[in-house]
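This structure is in structure tokens; I'll ask about it shortly.
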């Protein structure tokens, strides 16, 4: 009986998944046909460009790290019912704070100490940016979506000012960013793959830690309780506002860490596009993984493959690389539609 | 227009809200429908106006059967309803509210409608400024606007649901004058109320409902005693328990005012003592809910002093109240009391604050298992709160009560429970009372209050209009007070 | 330095630059008046801008370009309406996903049209009127879409506040249950106005690619404007005229930014391009804070601040974001 039931629910889940994928494939194939591109070739190149070789897989992992860090952070804010659209800015400020520290400590001759401090600075940068949005929400009553967006724009403007202003390269200031850091301040990477093991470890660590916090600590339970029914949570002695700030702090800290790794482990300098839209993408990752911390890294891996794989498209098929975004978006929409349709049918 | 309701039944699952109701309203008649909370008045009127459909039975207008798909259809046929909570658009102007649904097309003859509104309003003695937003009107003025609007729609039958709650004495007089004028013009008026006085002064004929069925009808002039008997039934059972020895003062309120609900809370002065069991009677929304929330620190009073166990306390500081030993169980379990999406174990983990950071899951699971057994909740520790039945949700809420509280505040603790469960709940609560805990509960069942409470407060329009020992009163007197007659 | 600044040119360029923002903000105001939030504006504008340019380029017809853009805008809005009204999904979630997806779709499908020379709306000075000093050059020396934006402010206000259709539209956003009792079908109205608002947003995209910033590319230059339009709806207190006023303020900030570059050469140009966005959103946040009790009591003596706050304070439609559920 029990087995039968779980089999049945597993089957429904599978059916939903298959249905979603079919909808997604139909849509993207249609889009490709409209663009006059061979669909199969496009899919093949995305696959080859991401999982085709160890080098490309290395790129996938490099994308996966910040995406996973941000997704893990967003789980906290979604738990308590907040739309932390400001992750993008939180990544940027993490990168800015880290860069500031690395520039400041460049001639200390203490590379490990400086990198360690830069990690702390990155986390602080993201967290501060998130807390500002949090206070605007709890104290000012400003919707967190607009507060976050405004702060994203501010962070973007701030980075541009730094790159073209005080931190500009000697000689020419350009969109290619600041002067790269001295080599000893780069996160060490695995030869050949160019992945920083420290970054990988931090991303995996963040997922595990988030899972543990959500499952075994008061923090996780409190966020969930408030997110589901703030009024009743108050009767259980919880303070919704304080917990909202806490959730923002955790999400911002992880986003800031992602920004730090972008600076120390990937680009080794500050760029205008340092966040690479990973913040917005992470919001979709978490939505698609149904706010589940264990599903998020897998979805993030899939999204990273799409992102990296589609980089090939302009060269091989003369298509724009934004196809990945179309696939990701249609996948999330299809999931929402199939879910809603199922619920409606079961009523 | 002659309205006939024939053998109306309405079932919600096993609940029979209307159980074979028949009545006739003649043209030019003011017909009262009298009954307690839950007697089935509102359901019957919603059926008459097309908001919901009857499970069985038929509606006849001038002897021909009709079927309404939606409220707009019934108003087209001439039946208009004044809802208890005004169904209007608070942020839009009076004139907009008046015109909406009356006009169509690109242009609006604003001036024409303004004149019409003014003319009709003056004919009834109403004074409404057409250019201010409706939210700045009083409830009484919103009613006036709605009546005028319905008349322009051309209705022949006006249904009013508890129209005199929350309006001033002057407005009430105006309203009654207007209704009499309508009746004199040959329109029918149906007045749904629980207030004897209103019905007595206004109606030509009254039908009394109880438990979803008609218990009697009467023509004016009315026999009050007889009406009360129809409304509340035979005198209920005698008290269950002996009054305990009263101890020190637990809760004191001095001139406390608060807003919220339909009537708010006005000028509340009282003292509750240890070991007292206090029942709060009155029609729902007469101030009991606001009172319980203020007394438990969930809501901040707008004025007044609260003293808890001898020391002044700042209103609205829930944790301070909780620390001082109060506990509050709200009536709307899934909205206010429990957290949907959390299992029972998780609820106990939230409740149990022994450890600061880590959650003692095994302990919480054990506690859940024990409590489930002790409180006879039908469910497993991993069952979600929203998946429990209403009765079991109530048991779950009760199981959160601290072991040694000083003041228990409960809102409709036995609503939706079967007899056996209700009895069980009262036994548990009586145990508390024997341990010198002060228990305050609101209930819509008079029988229940008379059976358990030592002291009864009756709320009417936000005020406590009666405060008596339960052995010095009876259902009759309380029924009168609930209906607004305290003497 | 101020002497370089020709007021006539300044105001004329503010009026022209604001045209698409006005269209988008009014479109979204109409949608939100009916109680639906279409968060996808930023993506919709890009997608419709691309569509407008591509269609106008292929057919060499500006009208077809504008029409196609409007239809694309309405289609995206239709998805929001379908998911929220009929499938009961979160409007914010669907809108957000659509924002990202439409943007990527625009870049992807628009790739072949990048940096091509295409048709664009030509100036259409109004005869006689343009001769009026100052006024004529500021208001009557533009192309058709700009006139459209000016006329729309008036028309939308008339429609919303002076017709019975507008009355129904507002009632649905306020209290769908009450409008149902008065014989209105809230879902139908919500669907209709979400589509209508989306159509205007689509036109706004076309104004970018066919008039204000002619052509297509990645980036097109209208990125972020959708978010501004969304913020303007709140800033304007859900009133079309006030939202339009906000759009002119935003356009003013953008134009000033261009002058600013010559005034403050030490500050990089990019900063001036980005600055109007946070400025706009934080103005909104300030307006919001200003409506708090504590601030209101602080402004007790400062009459002009109070008037300013009053002018721009408005209340959201009561059932905004909560789709009407029949039971």
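Going in written order, the chains are labelled A, B and C, and every chain counts its residues from 1.
The definition used in the following text is that contacts are C-beta pairs under 8 Å (C-beta built on N, C-alpha and C of every residue); 3 or more make two chains touch, one makes a residue touch a chain.
Not measured: the values here are computed from a predicted model.
Interface comparison, A-B versus A-C: the pair with the greater number of contacting C-beta pairs is A-C.
Comparing the centres of all chains, each the average of its CA atoms, the largest separation from chain A belongs to B. Chain centres here are Cα averages; for chain B and chain C they lie 45 Å apart.
Centroids of chain A and chain B (each the mean of its C-alpha atoms) stand 49 Å apart. Computed from the mean C-alpha positions, the centre of chain A lies at a distance of 29 Å from the centre of chain C.
Chain A meets chain B in the complex at residues 216-219, 221-222, 224-225, 228-229, 231-238.
Residue ranges on chain C touching chain A, taken from their complex, read 39, 79, 83, 87-89, 92-94, 96-98, 100-105, 107-112, 218, 224, 227, 230-231, 234, 266-271, 274-275, 277-278, 281-282, 284-285, 288-289, 292.
Chain contact summary for the complex, chain B toward chain C: residues 51, 70-73, 75-76, 87-92, 96, 99-101, 103-108, 110.
Within the complex, the chain C residues that touch chain B are 162-165, 167-168, 170-171, 174-175, 177-184, 315, 317-318. Every residue of chain A that touches chain C in the complex is listed here, in rising order: 31, 34-35, 83, 85, 136, 140-143, 145-147, 149-151, 153-154, 156-157, 160-161, 163-165, 173, 272, 280-281, 283-284, 287, 318-320, 322-326, 328-330, 332-333, 336-337, 340-341, 343-344.
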